[in-house]
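What follows are several structures.
In what follows, chain A forms one complex with chain B and a second complex with chain C.
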Partner chain A sequence: MGLWFSLFTVVILVLLVFMGVGVVGLNSLFGILIPYAALLIFLVGVVYRVGKWTKAPVPFRIPTTCGQQKSHPWIKANNFESPSNTFGVLVRMALEVLLFRSLFRNTRAELRADGPRVVYGGTKWLWLAGLAFHWSFLLILIRHLRFFTEPIPFFVNLVASMDGLFEIGVPTLYVTDIIILLAVTYLFLRRVVIPQIRYISLAADYFPLFLILGVALSGVLMRHFYKVDIYKVKELATGLFSFHPLVPEGIGLAFYIHLFLVSTLLAYFPFSKLMHMGGVFLSPTRNLANNNRMRRHVNPWNYPVKVHTYEEYEDEFREKMKAVGLPVEKE
Partner chain B sequence: MSEDLSNVPKPDELMRIDHKPPRKGWMDVPVDFKPGTYSYTAKAKNLKILGMPNPREWSPTDEDWKLPENWEEIVREGFKDRLDKYRSFQLFMDICVRCGACADKCHFFIGSGDPKNMPVLRAELMRSVYRKEFTTSGKIFGKLAGARELTVDVIKEWFYYFYQCTECRRCSVFCPYGIDTAEITMMGRELLHLLGCGINWAMEPVANCFRTGNHLGIQPHGFKDTLEFFADDIEDLTGIKINVPLNKKGAEILFVVPSGDYFGDPGTYTCMGYMMLFHELGLNYTWSTYASEGGNFGLFTSHEMIKRLNAKIYAEAKRLGVKWILGGECGHMWRVMHQYMDTMNGPADFLEVPTSPITGTRFENAKSTKMVHITEFTSDLMKHNKLRLDPGRNDNLIVTYHDSCNPARAMGLIEEPRYVIRNVCNHFHEMPENTIKEQTFCCGGGAGLGNDENMEMRLRGGFPRGNAVRYVQEKYGVNRLACVCAIDRATLVPVCDYWAPGVAVTGVHEMVANALLMKGEKERTTNLRGEPLPGKEEVEDE
Partner chain C sequence: MNNRIIIIAGLIIFLCLITFPIWYNVVGGKAAYAPELKIVSEEKQCVESTKYMRAKHMQLLNDWRNSVVREDKRTYTALDGKKYDMSLSNTCLKCHSNKADFCDKCHNYVEVTPTCWNCHVAPEGNKL
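== the complex of A and B ==
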């Protein structure tokens, strides 16, 4: 159900642009108002969500340790998997965010009838596809900066020229475009094909995949097939960012589709699981040091509780304790 | 302690399971309380001792669970309260992408095939209610957004599956965001307790511990008797008379163990092991009858209960005027001591930084909490050659080591016990790497689930562990499974009997004591369990 609903929604979104821009000609709505609104929702929403998380206290220091603790000087501590200081935590987080360290551990358990027994195979496909998807997404985002900036920063050009290294076709085919399409397709297929993943998948899992696929496809189509006027696009983009918005005539429908899907992604972002981008940095099982016994962690809402004191205990058992010669406080 | 396994189907029958989920969506599959897969409910008397809500007699199979009148409101408010108090909970409700990396990491899913035992779905049991109650999209789109109404059936499902999670944190190791389903289970159990829905195997120990100081309800004179009984056994074995310091003011060290160590075999041998070691060192230490439990089933109940039970440790250390605290072999106890005690009941500024009186080593890693793990202590002794050891006395043992979940994944205690083991036995073999260290598999009976009525589910959950044990049994002839956990010493026994018959379970300090050459000891002919020592078999036969 979630799958079809999500697909249907993305199709509707595309049709909306056909209607709105192609038929009715609401160019400034789709070119200016909606992008602005989406960006606003994105910024306010993300700040609100992250604010809500950071407002919630971290009462206990609960890192999941994935390596040897620091104890004796002669036992080699694993400061990246069980960090005992800030440097170790930073490395652990960097490995997690940049390389998806934990996902790299992934295994697959398989039940065999002989025995019966269970074996564990390494499986790196999710890690690979996830990494490929996210990195190409990031690089594509960086490449896009050339539409918003003048002069174009050197690293944007650098990324663009490396990305187009193979110089296939005119305009040059970007490697990240191919990778993101393949990776997202894989991520989608595994959701449908692997029975357990299909079982847990919600509309909220299919929708971002279709949306991102829509964004990437419309981008590729616009670049290579339904050519749009790049100079006019840049005019629109710089206009938006300098708060002097204008809508040049004759950009092409493909662009509006692309822009509208991106706007939807932005507006949807804060309300969705895509917020894992912010959340990954805040996860208490990863971003805290395993130095629990070295430095006291303070719980801001630590409150007194009802305990059973030694006095109460001795009051109940005093005679029995005395009878066997255990020392007591009160005779 | 050998449990009756006759009610459980044979292994190949038990494992005739399918990891493929059913066609029907999980929200439409009602919970089925099948005998052998759930724990009996908490008795009213235990809840009353603790002042916990809605004490009553009931069973999960009852149609009417006798929930409080306004139970929905209680759950809603309890939920909200915890979202506001725990960033972990709020975050883990929000950021799961359902990538499924955690799905087949749970021993209960591997052993049962029940999709709701996939950590991600276990969490969704709660997340679905969260969406309905606390998110706009959940309120508008309902089921489409993965949201569902809070109903009595949901509560029943929570009860079943949050008591089918041993809070082992294995899933958290593999999750790209570190989402810890154990944390979610802890919250789920807290909410259930607000309605008076707990299990007796957890709540009876908690109630006992609150009143008598230990889970088993052993009173001070009984505790003294038990330890003196061990001292007699030790004298029979070694000819050495060991004294048992109890509630001794002015001792240097307070020693705290899980009560399982002095209650049943094979834990008792480990307990004797500690006593022999400390005697040999001439350690100025004391046991306490009031703090006669290091374990803390509060961890399986609620954060508040952890604190209520744990308070006695520092209180007793202060009363007795010791300098620091040493803790025995226990798994969940060490999660509490390492991650919660100082925060909840500290600061322990009346204690000193732990320093070994034998080697002079300052335990800098425990300088705030002031509590040291026994294998940290013993490995330091061994490193400084302070013990005379004859590992040959353990030559009849071919040993493998089970990392208990909490020391491995909440502490990082990995090499210390291995160092100790290598010093006291000559035949040590690791299990496959996906089943040890941070990837270790649970015994299947932690977090209060180690009761007899739940035996089928325990054996299912114990399957990955038992399977790894059998692997080294077949490959290296392993006959002894060592661990540093009192729950393990009880629960791994049936797991081994069922999945790897012929492998017995031992604590690490049992092996230490067997290898320990004590001053003035007579010639030993058996080890602590009365098995003939290697080379002494004939002597036994005569």
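== the complex of A and C ==
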């Protein structure tokens, strides 16, 4: 259900461009207005949602740990898996954000016929595809800066030349283009083929996958098959980013399809699970130091508890205590 | 516990990074720049139509190279039936002798680094 709905929606989006740009000729709508609106929704939406998260109180430390916590000096502590200080948290977060450490631990239970017995094993495919996908996406984004900036910063060419190291074909085939297509395809097939994951997959899972697949595919097709005039593409892009928008004639329909799918992705971003981009930094099970036994964390909305200390008690009853012969601390 | 300051700092860093093209173009001030290509030839048309050449000149040159170097076929028949000698130095550069104002302008603008000059002797500036 969710699968067909998502696929159908992406197909409709592409057809919209065919109609809007190809037939009606609404180039400035698809080339200027929609990208601007999408960028605005993206920025405001992300700020709004992260802003909402800042208001969420975190009263307790709830890190998930998978290593020895800091205790006695003769017990070796694992500061990255059970961090006791900020440095440990920083390393742990870096491993999580850059290398998807927790996904690396993904395990799978399997019922073996002999016995029968349950066997647990590591399964790294999700981690591998996820990592390949995210890093490719980042490198592709950096590569795109050649269309967005003038003069082009040095690192863009560095990334592009590494990416096209094999110099296959003209224009050069980028490795990340191939990797992202394979990885997204795997991430999609996994949702369809594995019954348990298919059962929990919703439109909100399929739609971003199809959308990103559409973005990547339209980009690759545009680079290698349905040529567009990248000189004019850059004019349009730098025009957008410097707030002097213009729509050069004759860029090619493939570009508008690519741009519209990217705009949709940007506008959809704040409303979707894609917000895990910001959310990963705010995972309380990851970003809190495991120092519950070293420090007292007081719940900030605890009402002040009325206490009656022993000193006060003794002050109140000192004479009576003395009278019955009870020992007192202060005479 | 509330880490409002850290989160807001992170958000600001993110916004700075994501809006890099905007402030880079605004600060750099060359955003409206688009190179003008100079054509210094009397000829009315290139080997193929302008539209074709703009989109596919790199593939055409690649095909030429493969054809000449690997198959020893040196004559190109254009879509309109005209025949050309497949040669970068003798055919292309005959009209487009101004590498700096023609090839490089566009290639630099969109950061393309063609491998033509790995083998061919590159014209210096606009001179053959």
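What we mean here is this: the second predicted complex is superposed on the first by the 297 of 331 C-alpha atoms of A that agree within 3 Å, B and C clash if a C-alpha of one lies under 4 Å from a C-alpha of the other, contacts with A are read in each partner's own complex, and residues count from 1 in each chain.
Note that contacts are C-beta pairs under 8 Å (C-beta built on N, C-alpha and C of every residue); 3 or more make two chains touch, one makes a residue touch a chain.
The structure displayed is predicted, hence computed values, not measured ones.
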| item | value |
| --- | --- |
| First, second, both or neither for A:152, with chain B first and chain C second | second |
| Partner chain(s) touched by A:244 [first = chain B, second = chain C, both, neither] | second |
| Chain A: partner with more touched residues, chain B or chain C | B |
| First (chain B), second (chain C), both or neither touched by A:282 | both |
| Contacts of A:116 with chain B and chain C, given as first, second, both or neither | first |
| Touching partner for A:297 - first (chain B), second (chain C), both, neither | both |
| Partner chain(s) touched by A:178 [first = chain B, second = chain C, both, neither] | neither |
| Which of chain B and chain C A:57 touches, first, second, both or neither | both |
| Contacts of A:72 with chain B and chain C, given as first, second, both or neither | first |
| Overlap of the chain B and chain C footprints on chain A, listed as residue numbers | 53-54, 57-59, 282, 297 |
| Of all residues in chain B, those that touch chain A in their complex | 11-12, 15, 17, 19-21, 25-26, 51, 83-91, 94-101, 103-105, 110, 115, 118, 120-121, 124, 135-137, 141, 144-146, 169, 172-180, 183, 210-213, 219-221, 224-225, 246-249, 289-290, 303-304, 307-308, 311-312, 315-316, 319, 338-340, 342-344, 346-347, 361, 363-369, 371, 376, 379-380, 383, 408-416, 419, 432, 434-435, 437-439, 463-464, 467, 470-471 |
| Chain B-facing residues of chain A, complex | 1-2, 5, 49, 52-54, 56-72, 74-78, 81-82, 84, 96, 100, 102-103, 105-109, 111, 113, 115-118, 120, 126, 130, 194-197, 199-205, 271, 273, 275-276, 279-280, 282-286, 290, 292-299, 301-302, 305-310, 313-314, 316-317, 320-321, 323-324, 326-327, 329 |
| Interfacial residue positions of chain C with respect to chain A in the complex | 1-4, 7-8, 10-11, 14-15, 18-22, 24-26, 28, 30-34, 51, 54-56, 58-59, 61-62, 106, 109-113, 115 |
| Interfacial residue positions of chain A with respect to chain C in the complex | 43, 46-47, 50-51, 53-54, 57-59, 145-153, 156-157, 160-161, 167, 169-171, 227-231, 234-235, 237-239, 241-242, 244, 250, 278, 281-282, 297, 300 |
